[in-house]
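Paired with subunit B in one complex and with subunit C in the other, subunit A is shared by the two complexes that follow.
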Partner chain A sequence: MLAYIMRRMLLAIPIAFGVSVVCFSLVYLAPGDPLSVILPADATQEMVAQIRHAYGFDRPLPVQYLFWLGHVLTGDFGMSIATRRPVILEVTGALSNTFMLTSFAVPLAFGLGYAMGALAGCFPGRAVDRLVTGAAVVGVSLPNYWLGIVLVIIFAVEFMALPATGMGPKGSAQFSLLRWSDAQYMILPVVTLALIPVGIIARTTRAAVAEVLNLDFVTTLRAKGLSEIAVIRHVLKNSAPQVLAVMGLQFGYLMGGSILIETVFTWPGSGFMLSKAIINRDIPVLQGTILFLSMIFVATNLVVDLLQSMIDPRIRRS
Partner chain B sequence: MSQTAALPATFADETSPAERVRGYWGTVGYRLRHDPVTLFFGAIVLLIVLMAIFAPLLAPFDPYKESVVLRLKPWGYRGHTLGTDELGRDLLSRLIYGARSSLLMGLVPVAIATFLGGTLGVIGGYAGRRVNAVIMRTMDVFYAFPSVLLAVAISGAMGGGMVNGMTALALVFIPAMCRVAETATAQVRSLDFIEAARATGAGTLTIVRYHVLGNVLGPVFIYASSLVSVSILLASGLSFLGLGVKPPTPDWGLMLSTLRQSIYVVPLSCALPGAAIFVTSICFNLVSDGIRSAMDVRL
Partner chain C sequence: MNAEPIPAISAQQIAGTAFGHDEALVEVRDLTVRFVTRETTVHAVNGVNFSVRPGEVLCILGESGSGKSVTLRAMMRLLPPRRTRIEGSIAIDGQDVLALDKRALGELRGGLVSMIFQEPMTALDPVYTIGTQIAETVLRHKGGSRAAARARALELLELVKIPEAARRLDNYPHELSGGLRQRAMIAMALSCGPRLLLADEPTTALDATVQIQVLILLRRLQRELGMGTIFVTHDLGVAAEIADRIAVMYAGRIVEEGPVADVLRAPLHPYTQGLLASTVHGQSRERDIEAIPGSPPDLRRLAAGCAFAPRCGLVQSECHAAMPEPRYTAAGRMARCVRITQAALAAAE
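Coming up: the complex of A and B.
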């Protein structure tokens, strides 16, 4: 097992390297000189050359990349152009707000999706199965940020039951989960975020459970007189690796989807910050946020792989 | 006879012996014609496409005509069936015109990605070894980004606009497309009939052109059809963030983001562009599911 963990972690290194290269090159995708945002409008030719040298833009690209990587690895992501604060502080602050949403949305989404899928898989062809299949198609076709807007229209505009946007009446700095006046601001974003992956998780769980139910060992279990609940327990355990793989992917989509949903609810998380950075053309913040979020995604995939191999030892051998 | 063996028993029983031999595409067409769900949603897709093409004839007003006095009027106000937006433009006309950019942003990136990703995948799958490793490991890196994040990152860095948005979306789809084509090619490559073709003296190009592509285009096409709805959703998301279509061009995602500011004044109108995106995307999804099952050779 330890050898497998080591090997799997070594395999993640080239991916992480590639991700960092992509994030680094984002600056060069931007139209115009990357220096144009720092330079004063009336900069002389010498001044431009001087600043170019100071920032290292006159060196070959691979050298620039290593320079950048060295800074990033020591936690220096540069300064935000809009706020003049270090990017690392901005990103970590926003990420903690995003995690507050996801720590509620992920269990809700995965629990609901898994329960629906398992139920549908145990009763193929029945009403509950059709419901899950329909919900899955709707789920993948729904613009999730629109769902957020519709929920705002229903619960905030028409019924005035919940607040529409923001993070508490006093702002994000004094937000407390324990106060209802603050916590109610989380309900709509969490529900919207959670509804994105439910359909796909339910569909995958259904397919996996139905597949395992058809295997010979289920007949054997029933033949030896095991109760149906115990049989289902075996089936669920055997279908878990497939479900886990999809949950890992969906976690990434949920993080990505938070860009739009945090914008809809003006929730001051990493996604909202990203959309602000786009409007302000704040490339350092854009780069830092994308790097952080994608590294989280890489780490999630690694954890999912390891969990899968813990549940199903056959994966380790292949 | 080998063709009828691929058909379900019920089809073979119903047809007379004279009609029994039906080619692969004949079977696909037969299945599609007898699939009411796919036909129904395919008809809606066709209607949306026609609506986009004939928008100037269908729209009751000029979608760009602003009016200070007509801002945010309710449904049915002075001939404006669905009211007006925050600049006094007719909402129904803008919704009709909005189909154009949505369909364009849904289809163009998928077409580009199918061509480029498919080509890369076939090269990687057929060449094998080192070429395959270089192509596929590069694609793995792009797989490490959630798709929304990658699209936002690329178009965010390049700046907004329709062309940049479509480029970003094409880049997002290429790795997935490449993987589908690579898997299909690698499966075919090791089969005996490829070996036989090579033994008869066929060159690499001939083999790829006649033997590999024939087996790879099917799965690639099916996958591409499922990407259209994803592309429409992502594109409208980009426009919603201000990265896709630029104002004043009518676009559903953009309309959602500007009408959102008036959510307390015209809540119903505010939800309409999103409903249009949802309907278009679910229709494309269901049609794609129909094509997938019609083209499935195992059935």
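Coming up: the complex of A and C.
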């Protein structure tokens, strides 16, 4: 097992490396010269050359990459073009705001989706299955930013029970979960965010449970005299690797902070920041955010892999 | 609980007296099993009668789709309840299986009656170790501590002659060879001292050499533990090896039954004769193997007459009228064929 963990972790390194190359090349993939944003429009040829040299753009690409990587590894992502603040502060601030939402949305969504899917999978073809499957299809098909707007209209405009957008009057810096006046701002975004993965998780769980329930060993378990609950416990453990795979992906997406939902609720998280950075051509912020999110994805995948192999030892062999 | 056997017709009374007067461990009477879907009904088992005494091995012989596995599964009520219609009666050790409630059924399964399946790879849970799966059964029926259940699991692995049993306890099914997996399966089935063992083609998925080893092991354990056993197979050689009595099934009915030597040496039913003729034992390589022409009937649309009639070389007009009732040439020696009277008379003369 230890060897497997080591191997998986070593395998993550080239992936992380590849991701960093892609992030680095964003500067060149994005249309337009990155310097044109900083330089005044009437800059002389000498000035351009000077700046180019100062930023190191006159050096060969691999050298630039290594310099960039060296900075990144020491936590220096450069300055945001829009705010003139260090990118690392911008990114960690936005990520922690998104994390606040996901830390509530994920248990809610995964719990609900898993419970619905497991219930439906245990009774395939029955009324509860049709109900869950129907609800999941609706959930998957509804555009969630639309749902967010509808929730705002209902709870913020009609009933005036919850605030519509933002993080409260004091902003994100002094936001406290323990104060209701702040915490109430989270409710609508959390609920909307949570509804994104419920459908897909319910469907995956349902399919996995129903599939395992049809396997031969389930008959063996019943033939042993186990109660239906004990049989279901076996089935759930067997279906867990498949469910975990989807949960890992969904967790990664949610950490990226749905751009649409954070925009609808003007929640200053990673998704909101990404959209701002794209509009402002704020390449350093874009680079930093994407690099962080990709690393979260890589780490989540690693954790899912390890969990899967702990549940199903057959995965370790490949 | 209803321990009263269903009143039997005269022919069955003959069958009942055939083995002296000891109490039967299993009494199956007029068992029918149908699988009902919206589109169609499959008549998988169509009126099956048999009994098994304690310690006796009954082999149910038949090809795929003859209803032998279904019969076995019906005896533990392992068929999907919503789609399955079971009629008739099944009594095991005096318990009316079809009338048991959930709790009593759980006690019966794995306790009084155990089952071994054909494919040990898929029949064992892949994400639990062998030891855990055996211990789980022990805990379910005998209670006690986890440590005690594990100790019992080790004993059982040693009983079924798994080498390095202590190490194997912590192996997952995929880490064992097919033969060892089936031994582990047998250990699990025996863990709570069942009085009846149901074996559903337990050697079919194994290599020929391993097959023999597992058969010998099963036969030895069955004798040592005195379990009544119903052994389902399509392999005449396996049946010859292990059976006391053979019941040949065709299209959901038992068409012939009798002591193993009688059935294999002097088969009465044309189907059994065909089965025996189509096996290979030492005839010359040049000779073609005789096969039974045609294929088994469609169980969704069974005709009125003898189900084997369309493939039978000895068919008479009488065969198409109705399925022949069981006919006995001796006590416990039965076949369902119209030709029996003539044959028996000829033998008597």
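FYI, the second predicted complex is superposed on the first by the 316 of 318 C-alpha atoms of A that agree within 3 Å, B and C clash if a C-alpha of one lies under 4 Å from a C-alpha of the other, contacts with A are read in each partner's own complex, and residues count from 1 in each chain.
One rule holds for everything that comes next: a contact is a pair of C-beta atoms (placed from the backbone, for glycine too) under 8 Å apart; a residue touches a chain by one contact, two chains touch by 3 or more.
The shown structure was predicted, so the numbers you read here are calculated from the model rather than taken from an experiment.
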Subunit C versus subunit B on the shared subunit A, clash or fit after superposition: fit
Contacts of A:Leu274 with subunit B and subunit C, given as first, second, both or neither: first
Touch count on subunit A, higher of subunit B and subunit C: B
Contacts of A:Arg84 with subunit B and subunit C, given as first, second, both or neither: neither
Subunit B versus subunit C as contact partner of A:His234, first or second or both or neither: second
Contacts of A:Ala223 with subunit B and subunit C, given as first, second, both or neither: second
First, second, both or neither for A:Arg314, with subunit B first and subunit C second: second
Lowest inter-chain C-alpha distance for subunit C and subunit B in the superposed arrangement, angstrom: 8
Set of subunit A residues, in rising order, touched by both subunit B and subunit C: none
Subunit C-touching residues of subunit A, taken from the complex the two chains share: 215-217, 219-227, 230, 234, 237-238, 311-314, 317
List of subunit A residues in touch with subunit B within their complex: 14-16, 18-19, 21-23, 26-27, 29-31, 137-138, 140-143, 145-146, 149-150, 152-153, 157-158, 164, 252-253, 255-257, 259-260, 263-264, 274-275, 277-279, 281, 283, 286, 290, 293-294, 297-298, 301
Complex contact set, residues of subunit B against subunit A: 137-138, 140-142, 144-149, 152-154, 156-159, 229-230, 233, 236-237, 240-243, 253, 256, 260, 263-264, 267-268, 270-271, 274-275, 277-278, 281-282, 285-286, 289
Of subunit C, residues touching subunit A in the complex: 73, 76, 78, 106-111, 114-115, 117, 119, 122-128, 136-137, 140-141, 172, 174-175, 185, 188
